[in-house]
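Worksheet for the structure shown next.
Chain IDs A, B, C and D follow the sequence of writing; residue 1 opens each chain.
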Amino acid sequence: MKEIRIHGRGGQGAVTAARMLASAFVIEGKYVASFPMYGFERRGAPVQAFTRVDDKPIREKTQVYNPDCMVVIDPTLLKLPTLFAGLKPGGILIVNSSNFNTQADKNLQIAGVVDATKIAVEEIGRDIPNTCLLGAFAATTQWVSLDSIIKCLSEYLSGDMLQRNIRSCERGYREVKILRWQ
Amino acid sequence: MVKQMRKHETRVITGNACAAYAVRLCRPDVVALYPITPQSEVVEQLTRFKADGLLDAEMIEVEGENSAMNAVTAACVAGGRVFTATASYGLAFMYDAMMQTAGFRAPVVMVNVNREIPGIHAVSAGQQDLISVRDIGWLQIIVEDDQEIIDAIIQAYRLAEDYEIQLPVMINYDGYYLSFSAEAVKIPMIEDVDEYLSILKKQPQRLKLEPGKSMGAGSHGLLQTYTELRYKHMAAMERAKAKFDAIDKEYGDFFGRYYGGQIEEYRTDDAEIILVTSGSATGTAKTVVDAVRENGQKVGLVKIRMYRPFPRERLTKVLQGRKAIGVLDRSVGFGWNCGPMYQEIRALTPEIGKVPLMSFIDGLANMDITIPNIERMIRDIQAAAEGKPYQETTWVSLEE
Amino acid sequence: MKKLTYPYESCWSNADELLLYLETGTWRTSRPKVDKEKCNYCGLCALYCPPQCMIDKGDHFEPNLEFCKGCGICARECPRKAITMVREE
Amino acid sequence: MVEKVKRLPRVFDYFVEKDQFAGGNTFCAGCPAELTLRTIPKVMGKDIVMLSCPCCAAPVMHGQNLGAWHKLAYYACVMTGVASSASGISRYYRKIGRDVTVVCFTGDGDANDVGFQPLSGAAERNEHIVYICYDNEGYMNTGNQRSSSTPIYAATSTTPVGKNQKGKTTVAKYLPLIMALHPVSYVATATLSHMEDYAKKLLKAKEKSKQGFAYIHVFAPCVIGFRINSDAAIQVCRMAVRTNYFPLWEMEDGVFRFTQTVGDPRPVQEYLSLCGKFSHLKEPEIAEVQKMVDERYSMLKALVEATAQKETASKT
């Protein structure tokens, strides 16, 4: 089982990203579960969302404490001292940043860095970096294909918005910079 | 019997969306809704269905939960199939109306998204809300995951409207853990649900309001009549137990998914110790049971699906002859210093014999019922089974 | 065996089966007495009678004493003072 | 030998249906609420669905075991659930395409107080129902406790007259106007001294409920709560109209009009002096009530004038 923890702020699409990711894995025949952790739904407040992926049905209904992979939608969250708590050894980070380049946690082994805000603004016209980061996720983890991610987007978006998000996602896939540490 | 493979649509949707999809499939006549966290998405999704022409129901956007329950009860007594949904404070606010629903024997189906109740304000999961209405005369079903939300709601209409039952049904699922949890679920085809529920059309008609006909719903029940109607209510509750088991089988044969009826027995055959659970924590507990079994420890799990009526007979059967039993409650039972479900299982002692019984209280206000917590419960039950001293009630997340 | 006598599963009244009434005539301490000669059949007594128990006799009204509670509204509202309240003995 | 009137007054023409209630029932002798209730199906017909809740009418509206006191289709509600239950019933009939008049009948305690939220909600949703409130200015079924419809200075069992307090200390809520400020089809006030006016309004409410919400507020002075003789209720109703204490008006699709014009209103003193519950009032209190009555009437008059222009404008 792979456990993914997504960090964002209310309004940035962390919950939707977790769900999109789940849908993409379903297209590839996996079992998934995805849920957010928040109290009141408030724009700007830190939000966590979880996605679990497995080859067999997933029955756990707990928060994710030891993620295999983390997605950080908002670079300002990198300042949180507890951000990397519980990251598994060999852990992967997908981060929306223009300059992230340090091994921020001893268990961090791979980082996919992409300036998703810039790409989102260029492609979508607004700072909605989540779909770009999903592209970067596919490229960095190799756990799911870009095709599946693009396919699942149509379950959530339509028309022009869908096309713009697909472009943002594809650019995330192509433009992500992958860093590795030992 | 050769099982038909029914077609379905697979979607990754939340528990709340599952509830809305299931309700749409059951074609209610009247839906009354008032939003409350963590149920609001049910309201949003149903009104979206209506706006998109996918739901042909009268939608009453009421000004409070009390009105929601009154509206659907009255519409039901007038002859309609109805739905409403709420949580916690909303459930409390419809209390008087809910008693009326039960007394009228109105087959209302309601979703209650479990959330902690007022007082210590908490916008978080907990089952105290369903416990607070346990003897209000409703059937209560508690589900474990998103797929079960869909299936239980369809089963709920089948059960509530059965001529032998005629009782309101409350489908409970954990707020946050299920309401917001997206899983890949199989959504049945509406034609199949039509066919499945068509059996309800072949039974005698229940009493309903009829303009011009001199019938009054809600007569004063006096003395002997009051007593007799309470007896009949109780008798219908008792019938609902076997009926729910039968519906589970019937539903499984039709749609291919079985849940065990009143209770689910998980790896209990040779189990020496049992953990009793309900709701979303069950899934986590099952994974722990599997892991512990790998080590050769004979542990089993019983999931309470039907909480009212209480599955007294089936629990007796499955709990007899074990060495120790633990019960996990996401709520408290005042005065008994234990969890409410534990309290009721403890009342089975004359039937199941005197063995160590342990109450575990956990998961209040979104406290995660984690894998280590459940491992600890099973360790404690095992130790008690081996004759070691044990404490009756454990507040798992408060233990040092 | 339980002795069950009520026909339904929940509490419905059914006027076709049983229409209740009280002999409210026994409540009276005084009764309306109609002076047929004074009455001009204007109907106000029948109109205002709360239990609607004034019987139309074609040219005047008479109270149905089975139900008349003796409130006296008919007497007070009669514009011709054709109704007087007489003490019940 | 007096000359007999040729025919009964026109109001009898409105009574198209026989009385649907048993002859003897549990209303007090001289109760105007009983007259209010019996008149409803006589005018609206018997194919209506009625709803009520715990109130003076409940012992008659609700049955007893299998027995019923009336021949109507009826649904008994909890006090908080009358307008909402009616919404549910009305919506169900709309869903199945059946034209049924759904009529709520409650006291002022339910309409003003504990049942106000659902009443206001149903009015805002413009549900297709008729809501009739019989206003006896307090909780009479439970023994004359104050409601928010109890007028200022009225003595009740919970606003007694004593050394430090002279009856109720606050002015009553004027519910009919509150209802008229909801987006509804029809609102009217009525009382039992003016039966033809009441009958017309019942009929109009039935018609208007095909479009949306209709509300009728009926002044029905309780013989016990008002401390009046059992023959006095109609007289009190009449005086309430003649003093403008209870003006008769209606609001139809946003247009207000008086249905009974009072040429030369009597001083409110003449009304107050009829009711034992005001017997402790002195000059200053009476003057205050008079002021309140005058102000309310002026406000209504302003609404009538303002919306009459609106009606004229829309017609030209």
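As a working rule, a contact is a pair of C-beta atoms (placed from the backbone, for glycine too) under 8 Å apart; a residue touches a chain by one contact, two chains touch by 3 or more.
Just so it is clear, the model here is predicted, and its values are computed rather than measured.
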Original post:
If you average all the Cα positions, which chain's own average lands nearest?
Top reply: B
Original post:
Any idea whether B-C or C-D has more C-beta pairs in contact?
Top reply: C-D
**OP:** For subunit A and subunit D, let me know how many angstrom lie between their CA-based centres, rounded off.
**Re:** 63
Subject >> Cα-centroid distance, subunit B relative to subunit C, in whole angstrom >> reply: 53
**OP:** Mind checking the centre-to-centre distance between subunit A and subunit C? Centres are C-alpha means, answer in whole Å.
**Re:** 80
Original post:
Which integer distance in Å separates the CA centroid of subunit C from that of subunit D?
Top reply: 23
Subject >> Multi-chain contact residues (two or more partners), subunit D >> reply: 62-68, 70-71, 74
**OP:** Could you list the positions in subunit B whose residues touch two or more of the other chains?
**Re:** 214-221, 225
**OP:** Give the residues of subunit A that touch two or more other chains, as numbers and ranges in rising order.
**Re:** none
Subject >> Residue numbers on subunit B that touch subunit C, as the complex places them >> reply: 103-105, 166, 206-207, 214-221, 224-226, 228-229, 231-232, 236
**OP:** Can you check the complex and tell me which residues of subunit D touch subunit B?
**Re:** 46-49, 51, 59, 61-68, 70-81, 83-89, 91-96, 98, 100, 117-118, 120-122, 124-125
**OP:** State the interface residues of subunit B toward subunit A in the complex, per the touch definition above.
**Re:** 10-12, 14, 37, 123-124, 145, 174, 176-178, 180-184, 280-284, 286-287, 368-371
Original post:
What residues of subunit D sit close enough to touch subunit C in their complex?
Top reply: 1-5, 8-9, 11-12, 19, 21-32, 34-35, 38, 62-71, 74, 192, 195, 223, 229-235
Original post:
Which positions of subunit C touch subunit B when the two form their complex?
Top reply: 2, 4-6, 8-16, 19
